[in-house]
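Shared between the two complexes below is chain A, which pairs with chain B and chain C, respectively.
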Partner chain A sequence: MTSLAASPAIGADRVRRRAVRTVYPNWFYLPAAVIYAVLFLFPTVASLFFSLTRWTLSEATFIGLDNFRQFFREPFLIQGLVNTLIYAVVTSGLKVVLGLLLGVLLTSEIIARDYLRSVVFFPVLVSTVGVGITFTVLMHPTGGLINQSLAAIGIEGPGWLTDPRFALLSVALVDVWKGVGLATVIYIAGIVSIPRDYYEAALIDGAGALQRFWNVTLPLARPATVTVVILSLIGGLRSFDLIWSMTRGGPGFTSDVIASVIYKQYQAGFYGLSTAGNVVLFVLVALMVVPLSAVLNRREVAR
Partner chain B sequence: MRNRGGTLIGAAAILGSIIIFIIPFAFILITALKDKQQASLRDFSWPTSFHFWSNLVEVVKARDYMLITALVNSTILTVASVTLLVVLGAMVGFVMQRRPSVWTGVANFLVLAGLIMPPAVVPTIWTLQGLGLFKTLHGMILIEVAYGLAFSVLLFRAFVSTIPREIDEAAIIDGAGPLDLFFRIILPLLKPVIITVIVVQSVAIFNDFTNPLYYLPGKQNVTVQLTLYNFQSMFDTSYNLLFMNILIITIPPLIVFLFFNRQIVVGMTAGAVKG
Partner chain C sequence: MTAHRMRLAALSAGAGLALAAMVSGPALAEEVTLSLLIDNGPQTVAAAEKVVEAFMAANPDIKVDIETRPGGGDGDNIVKTRLSTGEIGDVFLYNSGSLFQQINPQKYMVDLTAEPWQADIQPSFQNVVTAGGKVYGAPFQTAMGGGVLYNKKLYADLGLQVPKTWAEFMANNEKIKAAGKVPVIQTFKDTWTSQLFVLGDFFNVQAAVPTFAEDYTANKAKFATTPAALKGFEHQADVFKAGYLNKDFGAATFDDGLRMLASGEGAHYPMLTFALGAIQTANPDAVKDIGFFALPGDDAAKNGLTAWMPPGIYISNESEHVDAAKKLVAFIASKEACDLQTAAVGATGPYLVKSCALPADVPPMVSDLQAYFDKQGGAAPALEFVSPVKGPSLEQITVEVGSGIRSPAEGAALYDEDVKKQAQQLGLPGW
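Now for the complex of A and B:
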């Protein structure tokens, strides 16, 4: 887009028009398009139909909206839906707050900054299943390191993953532990790109550290915030592997989310119901992410 | 004064980072070194005796050398998918950026959809079955390509816009065709973003658990993440072996991290901030 604005000589212009047709061939789209269409688009479109059927993979009987009715009637399926929302909101909320604070901390002049950046970011690259298993052991109600440490200072820790009240939130905390590094590096990139002049002007006006954070960093790091919110919401709504490797949705169905319900129904052979879960999930993702990104991005332009 | 504040806060941050981030990794390491009995205590103590080698051998031998099969499969899967993601993603990103047309709009929309939408699982299995690709490594490779394309295209398109068109024009005047232009001139210029795509996608695909769980079931097809998942129930009482396995599959990302830290961060933030 930017290069089009360059003033072209007449000869170059002719070359360019011929060039566009012959050297930027549309068939370059083709290999990628075929793979994407066959293995992503087609199944997505097909899911709209199969979610309305009782399905054995070889045979599909049309049953109208029964699957969806079941989805919104069975208490454990509704809980999966609610849990998905809680999980997504809690994880992305914490990632924004902690990511921003860490971003500010790790762009300030402190010792061991590079070490701290590395150590916060590294968990992002580690296997989710590995992290899940490790924390399952660390969070064991009696033998786990966390509760043993708490006991040493006289606090009786909860059954992080065994108590129905805490299971989902415990997994969400581990998700934040693993994912906050990404939020942090996004904030670091955002904060570093804020021109120093703003801070200098604020200093001259006598703004304290807190005021500078509140009136300069926070508003000008807004694009980073938008990115972190949207990325972690998408990730949180779709989350499966961490929950599955830590609780399998338990105890009971208290930490089930839509993605784990989809897997359980698939394993049980209810393919139509599983696919309906999938449709519910992408309606949910679209309903939350599309309007949110529109609103967040619009305000940014208006600023 | 500013410096002393920095030191103080830094020291507090280091302490916090040790408790929150270092200890879990140290726990993995020391548990992997313990014998079965000591590991079963699940405490954070120094190993009374070191069993690195015997634990390693036992994990590798488990279930008929399943871990070796898994490492081979994961390597093939990662290398093949990432190669396709680089070449196909760069082709799309190149034409998208250079030739605005109806297709650009369509492609933009599809990239966005690919970044946001969760895949429809069972219909995908059904499609793979129809193509004879279900439970095959080929099918799995194509799945990873389909799911990773959006992100690759996003990065490539952004980077292509920094390459001046004059370079294309010079090549055209010299009589280069589309394939020459792309493979001989553009692709080498894309090297920085190619490294970013390779690093980010390899980590993602190597660590992918959900997709192989659905599309690549079966004993012959295991990937490292599936193996770990299987061992979780099998090594229920042998934490030393379970954590040895975690240690083994943490090493590849660690190596990538040590050598390509900057590219990963650039890729993840650039792709993100643009979106």
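Now for the complex of A and C:
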């Protein structure tokens, strides 16, 4: 409580110092500051506190780091961690590759270009849970459209969501289908903004289509790549809704990711433990994305 | 000034009115509105609507608003959150047994120990809604059994007998498979349906190790190290290894399972008997073909039923109309309410109100179930009613064991680890 009482004083001090340099009166900052403090700062501090307690929503017993110890002992956690990484890398990798290829295709002179652009983008607009439920039906091992189509040409399809070997990857593929439209749009914007002069110069030098793509489009679309990688990596690391609506982490625990492990702890009423899990997830995402973003952006400046 | 004075005048006039109302209270009894929170299972809703309708007809000054919530884990979330934020409403329905213990009854519920209708309630139910020596609930709906639903027609066609031991059960399965039918239906898309081999085996566990529940609560006995308790996990793995499951077991749902059983596509479906309601809705013609037997163990002489208690009706201590709420609960605990429920959803099992009786003509599943209750020592409550310790991940673990992803011994050990958190959260001694 003491830290909470002290913080407004520090805040006020900072505001006063900055006031010298701005044209706005101090109270202009107040509404935003209050909203920020109430909705973001306070919950962050509170969650750090509750992650150190055994919490029943009405009372909290301080138990030190026991929640973190318990969370890391969670037998499914290691698998959840590995799955989260696989999921994030697979989805973000595929979104980069497919998004770039689609971006190149949809900026070239093809017929019905605008129509195709919107078709690629449509899945982004659909609700994730709706997509999950639809694909669950399509991927049913015996009655689903996918395996029935495969059966028609004589192939026995696997249990996409029920075979522990495929469940996570199946969900990742659906995630890519749904999210690639956004990556494509970012790439289209990136590619369109490349000045035509470079392509003309490359043409005069006698570069082929592949060379132009490799030496002009790819390096000059790097800002788009950075954006797509970071957005889809963060999205992949904290992904939950699609996995929950398609497999609920199953069969068993085989497609559990950190977010679904945390949700299950919350559902079971282990509020302190699930809060500790969220703190772990926050640290993990920060640990991965901050250095990645720094490295990618530094290269961009170096260029 | 004038505005201020006018407001004051209005206030005092209002107070006067209120006083007048208070004085003439009984004569001009104002209508009280109670909220009743129940789960959204079609059976629960149908039964509750019928009972509430009759209650409101008998008590015109009390209006009851039924509100529904999802069942399962999402329902647990809602109840726990609404209790702690004081938004649970007046009267609510929730599980008895270990889940009841987890929502802190002493803090949130009205003590119903001294209500006159308690004399008419079976002690076996009172035990599972008691915390700290006080009774907090009344039973709603009927007791259930956990065991195997089977297709009687298929049994008759193949000349099979109801198995009393696990070996007989597996021998039956072999014959069913040879006849080209699915011996054991499993539906892991609805993960909760996977737990019956373990949870429904508890009669056999307590028959072999009578002190298991007590030792388990005190952190002295474990599933992994008690051979009798490990059996449930092993049985689940056995039926998978023998190839007795339906092909789409990983993606099938509870409804799929009942459809397969009703159509005779599959012979056995390990399930709770409350499934009768869903069969009645979806396949009313099949009800006469479905029977029930308890999960068989090693010893035919010691075979018996693992029983589930119905959920309880509780009153929130934040309610502003406790007297009206008590009237509603008393009505729900009466014979009249049992008969109304039977009229609404049919007879699904024995009621926990002593004066209630089932009609003479009940479906075979219910008479099979009743036979276990009628036999002395033929039924014992499931583990979750004799111990507050129940891990949240059992359904995922049994899915893994039942799909061959994890061995039974590892599954049991993992479950022992899982319950530890629950015991610690409840602050039980010895954990």
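The definition used in the following text is that the second predicted complex is superposed on the first by the 276 of 303 C-alpha atoms of A that agree within 3 Å, B and C clash if a C-alpha of one lies under 4 Å from a C-alpha of the other, contacts with A are read in each partner's own complex, and residues count from 1 in each chain.
The criterion applied here is as follows: contacts are C-beta pairs under 8 Å (C-beta built on N, C-alpha and C of every residue); 3 or more make two chains touch, one makes a residue touch a chain.
The structure displayed is predicted, hence computed values, not measured ones.
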item: Fit or clash between chain C and chain B when superposed on chain A; value: fit
item: First (chain B), second (chain C), both or neither touched by A:Q70; value: second
item: Partner chain in contact with A:G143 - chain B first, chain C second, else both or neither; value: both
item: Which superposed partner A:D163 touches (first chain B, second chain C, both, neither); value: second
item: Contacts of A:V23 with chain B and chain C, given as first, second, both or neither; value: first
item: Partner chain(s) touched by A:Y266 [first = chain B, second = chain C, both, neither]; value: both
item: Residues of chain A touched, compared between chain B and chain C (which is higher); value: B
item: Which of chain B and chain C A:L57 touches, first, second, both or neither; value: both
item: Partner chain in contact with A:N215 - chain B first, chain C second, else both or neither; value: neither
item: Superposed arrangement (fit on chain A Cα atoms) - minimum chain B/chain C Cα distance in Å; value: 6
item: Residues of chain A contacting chain B in one complex and chain C in the other; value: 57, 140, 143, 266
item: Chain C contact footprint on chain A (complex, rising order); value: 54, 56-58, 70, 73, 75-76, 140-143, 159, 161-164, 248-254, 264-270, 273
item: Sites on chain B touched by chain A in the complex; value: 2-3, 6-7, 9-11, 13-14, 17, 20-24, 27-28, 31, 41-44, 84, 88-89, 91-92, 94-95, 98-101, 103, 107, 110, 114-129, 131, 142-143, 145-147, 149, 153, 161, 164-165, 168-169, 172-173, 176-178, 181-182, 203, 207, 209-210, 213-214, 224-225, 228-229, 232, 239, 242-243, 246, 249-250, 253-254, 256-257, 261, 264-265, 268-269, 272-273, 275
item: Residues of chain A touching chain B in the complex; value: 1-3, 6, 12, 15-16, 19-20, 22-26, 28-29, 31-33, 35-36, 38-44, 46-47, 50, 55, 57, 105, 108-113, 115-116, 118-130, 133-135, 137-138, 140, 143-145, 148, 177, 182, 185-186, 188-190, 223-224, 227, 230-231, 234, 237-238, 240-241, 245, 259, 262-263, 266, 271, 274-275, 278-279, 281-282, 285-286, 289-290
item: Chain A-touching residues of chain C, taken from the complex the two chains share; value: 73-74, 76-77, 80-81, 84-85, 102, 104, 107, 188, 191, 247-251, 392-393, 396-397, 399-400, 403, 405-406, 414, 417, 421-422, 424-425
